[in-house]
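You will see chain A twice below: alongside chain B first, and alongside chain C after that.
And now, the complex of A and B:
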């Protein structure tokens, strides 16, 4: 009974924590411009993240190491430096975009420019990390994040042609704007297969003191939680296709356009729900990415770490999330458009995938770490596929950014 | 083949240069046409965004501050895109002028709607909405003429 409760709690937190500014913006842009045609990218991204999250949780539960720990220990610091730098850079951009997402929500709610909100948002996030515990961060904000389910409700209320939705889940070639189409596909994959997500998950498993008895729960949380999370992204895409595209709004390059997705469905409450969804989802993600930066650096340099410790017991860890939040708030405070930053950072996330995913192939097959719980054929095939996909994305991202980037 | 006169070599060089110029001209003409197509679509999408935002405001579903901000932001997009369409080099100046006029009309209507919102003058906003719809139609017509097959 206790396990079932933990699984339910884990699934709920995964669902609540899945949607953030990247998945919301990319799904909205894709739906407005290409209708249901890019649903396959969300589905593919979700399947990939299910495998990676399951492996991260399994690795942590069996070896009592996080993924970052494992890479540093198994390959040495010099090899670990490359994924560390790539992840730090990508996470920095994502953190900035998430702070921007909350700042936009506050601008929409108050009419005060988003630039003015960047530092207060970073300060509030810092305060929660400084004073809060892992449970508060993980469960509290994720529970509030369930408000994002309004997109799924909205999508159902719009009564889409489900056959057309199912057709969108099958990859197809673009009929117009090929460069934009592929750029959107890359951005959706970047938003779905975020390295911070699976790295944070493995650190969370250590924080929650998982052991081998959690392997079943891990599988259920990864599978169900990510599937339901992906469903919310598809909900955003369907709503954008049926509301924005049908009204002739085919290009979403201004964040003021985003609340218009829910207003025709829920009226004024649509505006409120959108602002709440954006603020909570992005704030939750900002907390997780801020913590992930600290996990990465502390685990990389072998410092004390843990959100449940007092800041004086892990000063390096606390200093890292403090500095990360402050630095990430600066571009938004200087007026950098959060929507553009989001799309750019999602594409770059996709390009950095090989560096963070290649080590899975070695770590999850190393008996010294995972013993009898090594990867099976299916998991190894999935990792190889994700690595290949990551290499393709790394090669095509920059040309597509030039020709198809918004 | 082995004994080409200097005149022939020079004329071939000129021919290659001409071909290169023609190719560059075609590429620039193509990219300018693509640019106008892209910008026209941006304008069309932006004008529909304004109409959606104003409809939401009129129905009491969107706060005034948000609607004003949206109009200001989209107004900037319209102004920038209008300037790009105006400055683009094209072989169809008449159609380009029609497109530019439609974008200008949209910009004027957005500014009027914004003023109406700030003054909380519903009638003025409704008038501006009407003008926006007309300008959107004019844009669609100008776009269709610009890209219609020429004899």
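And now, the complex of A and C:
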């Protein structure tokens, strides 16, 4: 019974982690422009992240080390430096985009320009990290994140043609705007397979003191949680396809177009639900990415870390998330368009994947870390597939950014 | 035991299980006619910078002296005879508070982090 509660908590938490500004924006853009045609990218991304999250949790539960620890220890400092720098840069952009997402939600709610909200949002996030515990952040924010289920409810209420939805889950070639289509596909994959998510998950497992008895729970949480997250993304995509496109919005290039999505379904409450979903999902993600920056640095250099400890006990750790949040608020405070930043950072995330995923192939097959709980054939095949996908994405991202980027 | 595989870059903990850092470098003693012997491990930014090249190493050492004074111009060392347990983590029979390894974290606590309310 206790395990069941633990699993449902974990599922809710991972839904909160999955849905953020990137998955919402890319799904909405894809739906408006290409109807249901890009659902396959959400499905593919979700399957990939399920495998990576399960491995990340298993690695932490068995070895009591996080993925960042593992990369540094197994490959040495000179190799670790590359994923470290890539992840710090990508996380910085993503963190900035999340702060931008909350700021846009606040602009929609109050009419005060988004750039004025960047620093207050960063300050509030910092305050929660400073005073809160890991449990408060993990559970509190993700329970609030359940409001994003309104997209699934909305999608069902719109009575889509479910056979068309199912057809969208199978990859197909674009009939118009080919470069844009593939750029959207890359961005969706980047938004779903986010390194911060699977790296953060292993730190979370250590914070929650997982051991081998959690292996079953880990599998259930990874599978169900990410599937729920992916379902909500598909909900966003379906709503965008049916509402935005019929209202003549085929190109989402402005956040102000987005609240329109839920209004035909829920009326005024649709506006409120949209603003709340955007604010909560992005705020939760901002907390996680900010914390992940500190985990990454502290684990890579072997410092003490832990969100449940007092900031003064781990000065290096707490200084890292403080600086990360402050720096990430600056581009938004200067007026950088959050939507463009989001799409750009999702594509860059996709391009950085090989650096963070290749280590999984070694770490999860290393007996000294995971013993008998090594990867089976299926998991190894999945990692190799994601690495190959990551290399393709890394090669095509920059040309597509130039020709297909919005 | 393979030194590079089983020692370098592993987590170092002290006898209270406090995370001290990673094994950033190894110090070996060359002995005529006998195989070299590990006498200490090194930790800290200077050692890490040296692993990237001689020049980054010199820059980091100069920076460390500028920020922390001449006593920080050399990397931190822990004598190998203090080693207690070698597993996935390497445990040393030391108390990190008696070393200067955390000097920068202490400075950060006393001058910045500790002054922010709620720390």
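Everything below uses one rule, namely that the second predicted complex is superposed on the first by the 406 of 406 C-alpha atoms of A that agree within 3 Å, B and C clash if a C-alpha of one lies under 4 Å from a C-alpha of the other, contacts with A are read in each partner's own complex, and residues count from 1 in each chain.
Throughout what follows, a contact is a pair of C-beta atoms (placed from the backbone, for glycine too) under 8 Å apart; a residue touches a chain by one contact, two chains touch by 3 or more.
This one's a predicted model, so the numbers in the text were calculated from it and none came from an experiment.
After overlaying the two complexes on the shared chain, residue contacts for A:304 are found with chain C alone; chain B is out of touch. When both complexes are overlaid on chain A, the residue A:366 reaches neither chain B nor chain C. Touch criterion met: A:131 reaches chain C, while chain B stays clear of it.
Residue contacts after overlaying the shared chain place A:268 against chain B, while chain C stays out of touching range.
In the superposition on chain A, contact of A:315 is made with chain C only, not with chain B.
Taking chain A as the reference, the larger set of touched residues comes from C, when chain B and chain C are compared. With both structures placed on the common chain, the touch criterion links A:247 to chain B but leaves chain C unconnected. In the superposition on chain A, A:337 makes contact with neither chain B nor chain C. Common to the chain B-facing and chain C-facing surfaces of chain A is no residue whatsoever. In the complex of the two chains, the chain A residues touching chain C come out as 63-65, 69, 72-78, 80-81, 130-131, 301-305, 310-312, 314-316, 318-319, 368-369. Residues 107-108, 110-111, 247-251, 253-254, 256-257, 259-260, 263-264, 267-268, 270-271 of chain A touch chain B in their complex. By the touch criterion given at the top, residues 41-42, 44-46, 48-49, 51-53, 56, 59-63, 65-66, 68-70, 73-74, 77 of chain B touch chain A in their complex. Remark: chain C residues 4, 8-12, 18-22, 24, 43, 48, 51-52, 88, 104-106, 108-109, 112-114, 116, 118-119 touch chain A in the complex.
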